[in-house]
Amino acid sequence: MSKISKNVMVIGGGIAGIQASLDLAERGIKVDLIEKNACIGGRMAQLDKTFPTNDCSICILAPKLAECFRHPNITLHTLSEVKNLSGQQGDFKVKIFKKARYVKEDECINCGQCIEKCPMRVEDEFDMKLRKRRAIYIDYVQGVPSIMTIDRENCLFFTKNACRICEKVCEREAIDFDQEDEEIELNVGSIIVATGYDIFNPKSLNSLGYGRYPNVVTALEFERLISASGPLGGHLTRPSDKNEPKKLAFINCVGSRDIKNNPYCSSCCCMYTTKEAMIAYEHNNEIETSIFYIDLRAAGKGFREYIERGENKYAISYIKGKVAKILEDEQRNPIIVYEDINTSQVKQFKFDLVILATTMVPKKDAVTLAKILGIKTNDFNFFKANSYYPQISSKEGIFLCGACREPMDIPSSVVDASGAAAKAAEAIMRG
Amino acid sequence: MSNEDIRIGVFICHCGTNIGGVLDITELIEYTKTLPNVAYSAGNLYTCSEVGLSNIRENIKEHNLNRVIVASCSPRTHEPLFRSTCQEAGLNPYLFEMVNIRDQDSWVHMKEPQKGTEKAKDLIRMSVYKASLLEPLEKMQVSVIPSAAVIGGGIAGMNAALTLANQSFKVSLIEKDSELGGLIRHLHKTYPTNEDASNILETRNLAESHKEIDVYKSATIEKIEGYVGNYKIVILQEKKMIEIEVGAIIVATGARVLSPEGYYNYNGKTIISQLELEGLLKENSVNAKNIAMIQCVGCRNEERRYCSNICCMTALKNAILIKEQNPDANITIIFRDIQAQGVTYEEYYRRAREMGIIFIKYLPDKPPIIKEDHLEVYNEFMNQVIGIPHDLVVLSMPLIANEDSERLAKMLKVPLEENNFFLEAHVKLRPVDFATDGVFVCGSAHWPADISESISQSNAAASRASTILSKEMLEVEGSTAEVNPDLCIGCEACIKICPYSAISKDEETDTAVVNKVVCKGCGVCGASCPQNAIIIHHFTSDQIIAEIVTYGGGD
Amino acid sequence: MSYNYFLGCVIPGRLPFLEASARKTFEKIGMKVGDQANCSCCPDPTGAAQLDHESFLALGARNLCLFEKSKSNVLSLCSGCTESLKTIKYILDNDNEKKEVINSKLKAIGMSYKGNIDIKHFAEVLYENIEKIKKMVKKPLKDLKVAGHPGCHYLRPSEIMNWDDPLNPQTLDKLIEIIGADPVDYNLKNDCCGNPVEKTDKEISLIMLENKLKSMKEAGTDCIAVICPACFQQFDFNQREINKRNNTDYNFPVFYITELIALAMGMNTEKLGLNFHRIKVNDVLQKIT
Amino acid sequence: MQMVEFEFRNELIKEDFSLNYCYQCGTCSSSCPVALVTEGEYNPRKIIEQSLLGLKDLLIKDQKPNIWLCCTCQMCVEECPQNVFLTEIFERIKNRIVSEGEPYPETFKTQAISVIENGLAIPLTQPIIRRREQLELPKVESADINEIKKLLEATDFKKKIKILEVSK
């Protein structure tokens, strides 16, 4: 066997990046895992449960997060972004920009005292802005590394040269306002890109009323609303009046399969809307759900059976048809206008809560990253993958996995990630 | 260790609101403190978080704990993590016990929190009694043979072999047919690029000429024994038995196409299968002008509930190819849901519409009826029956599991799911692993997969296999069975029942012997032994009886 | 290039008072708009267009030729006319084959379409001059709740109209806002008033109208603002019809946006011909004085 | 039973290619203000499905759904996720209904006759002319009716819409 001398860099610490890193690390290869946020975990950490097993998402993810943190072959670079790349397969030089955390990583024990005292209230991106966090924070309770971060944009010390209260209450003297951003250089043999996806903002679809109607939410918002660790503590109520919703509607293909927005299919929505309806039903057996769809795409293992289960055991009705218009009544109930194709009649149906299955879209900085890495993107700004060898990018030594190349679900991302790990390993063995 | 020395620490997990929202954790903590040998008891918001884990480590030291119990979720997902946490704090990992008060308690008793809390008390108490009797165990070390066997020489198998071989691992690629290539050999062109299938088949030459790959064609597997890192496979090739030794096995046996015989008056001439159409396209002999394709033939029904994943795209591809050759052809695809996930496939579907291919959705209870020169189908979009002229009907048949998958599964001691596809260890997070260590799966053997999916999975399986092959030594489970030769009467009941073939007979002493590396500690042998001669370490009779007794099962 | 008015059929033939308010408003903001002689029906996008595409193109192209000859852009007082003329221009400018066919027909009357003038809806031009209007407001229509009905042909198809957001129109509400009134947000703002359906089925046309009125009423409105004579007719003529049939009491005064602007600029109500409205506007006039 | 007519379908597609892209999601119906109030009598999605399958009899003869109820508001066109130009496709179909001599609503014919005769859909009347004067509006200089007639002869308008004799 040839000797391995180079590290592999993995960009993105979601489930794909984590799986790729773990495979490589277990394979005996040293990995630099680059994560833009303060914690790894990505989108999967935001989910309540996962289809088709309805496993609690964070519960199956958490052991992997811990493994990533503890593995001697993995170096975690959080709050970090790739700024420059030179060299070629076997010998890449990468410049990484590391934002200061203002918290000493070795000292903070995540006791949370600083959070209690921090006077700032900031929109919490992890919770889809459904609640506020503080200016010193951790993305989520199980977040890894499990230490605090000060958000410079909102911290009173940085904005108004005041406060510093966290510094005073921290018994371990872990706060360090003198930390500075730094640039480090890594030398790696191959690179795996696993930067994931963003969510389409349905505000531009005016007829659906998102942003105007409080009881029209996106699927990821709903995921947080229903999550045990979410802003409602797992007790589902609707935004306008905190009443328990009984009639739910999901609208599939919001912003996808749509030439005017995103022509592609978002791959997972048929399944995750079913899952969310199932979880809602488990919370409250009086809940009835309608899922409006164009084609029910459930080709994965056990997926079709999952849909059948939803229909038979979870009071889900699947209604063929896309919804163009949502109205609202005086009690702020969303009213869906849809065509019942059995009668060819257009009907109006009142729901308590409407959930929009919004498309997975490329990360907003995907094009910038593609330029830095020198890889191609496709027409929609996903990273361009080989048609038959999907982990292969347009550049030698750089591999792709997960939703950064195409919308996909967790199992596909995990497969993709392991596959990319194999290719990245192969590359440094040749190189 | 005498009873006085036992110091148990109990960590009760809130799991956010998963447990804490139902059970009264404070009450549980207080209750636990009253139990014998409990030196410490506390709650954790999320025990599996880094905070929770360091909390365990610190308290082991601070309170001098020598047994640890975590009352939380399922050992299936979390036991390895907690065990290694104990180990990091200097405690033997087998002095750890886990109580599932979530999946089996707070989730089932969501509506009756008081009863749930009482049940949790019982469960924790039982665990405390067992923990007092736990013994330290050692994990075994085994060496690893740094080579792999790939079973099946289709695109998945060939690519898995290549990926491993390119990393300098020796690979035996075993194919039952006389040539490599699998189903792709029968295809005309491949989606989504519509290039000749022969392009993809070039992988064949790469695999056959790779110096690290030994290809066995016209070869069948006769026997598989051994365990992770050390498998022995007996291959039958041209009446010759060949024995190979490998550290890991990748199953890439693919699937087959369901025969169209008996569906929709199939006649092989005017009513043919999609696979037969590929053949006609290859020979450039599609003469029909009005072609109707029917999707989901023989699947998504009572008999076969699943969607076969690849048939929509295959039909789209062949329809597009015919249209490209003959723009005047009228092609109608009669479908249930068009499965064209993702970016490229949806684009491909749009392209098919752009070329003028017609799509009609049908309902399973009103399938199309084929008449002499037209077919009739109830069109859900119009609420009426529509006639479609045809001179050729093409049936899209699903991929089904190979006939010999059951035989192979038995030899590998891995499970199949209800449709006889191989069942992975965990749908979400271990999609190409088996629960059995050292065995992996990819391609259509796992589930109907197209070329790019098969390749992606084969890379993944190769990656997973390489995590084993790259190690010189592996650690294996320490909680195994042990036969007391003094009590054993050599009846072989345990040998017959062991699902892992871990027990054999020592001919000299005429007693059963457990191969500890293969043994998973499942306990079946212990339960079947008429002599009580088998000890299942970590689940000893004493330990289990202590649990039962304290629950109230007499003395 | 300056503008000439394209009046269409409905305004000169039935609702001249709408024209009066428009002319006065444009005068007030200092825009000189000429008159174009010899115009025919646009033709009606909901009428002739449905019968024969070629004649639709030819008639419209003839109108455009007249403006080309006067070297003047089209300022249309009607949404239907605007859409027709913009559509015809769009088709002829983008489809050479069709342009040649139409020009061969126009030859019979000695004309030829070139495609060198622009077409605008009057509300489009008002919006472009919104700052000027703002300065001229003397009597802001304070507390007047106005349900703007932008109508269909002012907005859609957006690929051709290329102006306001076709599904979330803003310009009319902005004009309502600038004269001091409160634009009302109502559920069915974007829906058709029902006027074109009258040709096929009056009953359905009235149901559509009633849906709109109901939605306006729920949102709490004092009056309705429109920018198309077809919509004006539907709202002003048919509220009573609905009341008669359904025993309802809809009585919303209907204004052309130029009437409201003129009022806010303090113009004489008599000269605007507000007395010719079928639904009496007195309540609103009282409210704003 | 209706048979798919490939040729008719292809003719319609030739007239407006966007028809091809429809995948029958029903967005058009959901956005249509007429479909909302007609209990299935008018349904844009269904008309498109009939067009895709070339069901000529339903579209041209039976006219079910009643295509003349389209209000041309173009909401469907704006909302359609596949950019199908429904209103335009319907216009072409209505043109066919007319040119093939199938019945269509009388009001369309009346309006057409007025345009042929007066150049205007609504001719000027004396009371209106007086009202214009009252409002100090300039005199309307109407279209040269001979020009209109000549032009419409060139396009064969009368023949196409089956008006043989225009009464005085």
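First chain written, first letter: the chains are A, B, C and D, and each begins at residue 1.
Everything that follows uses one rule, which is that a residue touches a chain if its C-beta (ideal position, glycine included) is under 8 Å from a C-beta of that chain, and two chains touch if they have at least 3 such contacts.
Computed from a predicted structure; not experimentally measured.
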* If you tally contacting C-beta pairs, which comes out ahead, C-D or A-C? Let me know. => C-D
* To do: Give the identifier of the chain nearest to the protein's overall CA centre, each chain being represented by its own CA mean.
  => A
* **Remotest chain, chain B as reference, centres from CA atoms** => C
* Using the average of all C-alpha atoms in each chain as its centre, how far is it in Å between chain A and chain C? -> 47
* Structure fact -> Distance in whole angstrom between the CA centres of chain C and chain D is 20
* Report the inter-chain centroid distance for chain B and chain C in whole angstrom, where each centroid is the mean of the CA atoms. => 66
* Asked: Approximately how many whole Å separate the CA-defined centres of chain A and chain B?
  -> 25
* **Where chain C touches two or more other chains, by residue** => 167, 188, 190
* Structure fact -> Within chain D, the set of residues that touch 2 or more other chains is 21, 23, 36, 45-46, 75, 79, 82
* Asked: What residues in chain A touch two or more of the other chains?
  -> 207, 257, 295, 320, 341, 343-344
* Quick one: label the inter-chain contact graph as line, ring, star, complete or other. => other
* Would you mind giving me the full set of chain pairs in touch? => A-B, A-C, A-D, B-D, C-D
* Footprint of chain B on chain A - complex, ascending -> 1-2, 15, 19, 23, 26-28, 50, 52-53, 55-56, 59-60, 62-64, 66-67, 69, 109-110, 141-146, 228-229, 233-234, 257, 263-265, 267, 295-305, 308, 320, 341-344, 378, 380, 382, 387-391, 406-408, 410-412, 414-423, 425-426, 429-430
* Asked: Which residues of chain A touch chain D in their complex?
  -> 207, 253, 257-261, 294-295, 320-325, 337-339, 341, 343-346, 348
* To do: Flag every residue of chain D that touches chain A in the complex, lowest number first.
  => 21, 23, 25-32, 35-36, 39-40, 43, 45-46, 65, 75, 79, 81-83
* **Touching residues on chain B, where the partner in the complex is chain A** => 15-18, 21, 45-46, 48-51, 53-54, 73, 77-78, 80-81, 146, 163, 166-169, 190, 192-193, 200, 300, 305-309, 337-347, 350, 380-381, 383, 417, 421, 426-432, 446-448, 451-452, 455-464, 466-467, 470-471
* **Residue ranges of chain D in contact with chain C within the complex** => 33-34, 36-38, 66, 68-69, 71-75, 77-79, 85, 87, 91-92, 94-95, 98-99, 104-105, 107-108, 111-112, 115, 119-125, 128, 131-132, 134-138, 140-144, 147-148, 150-157, 160-161
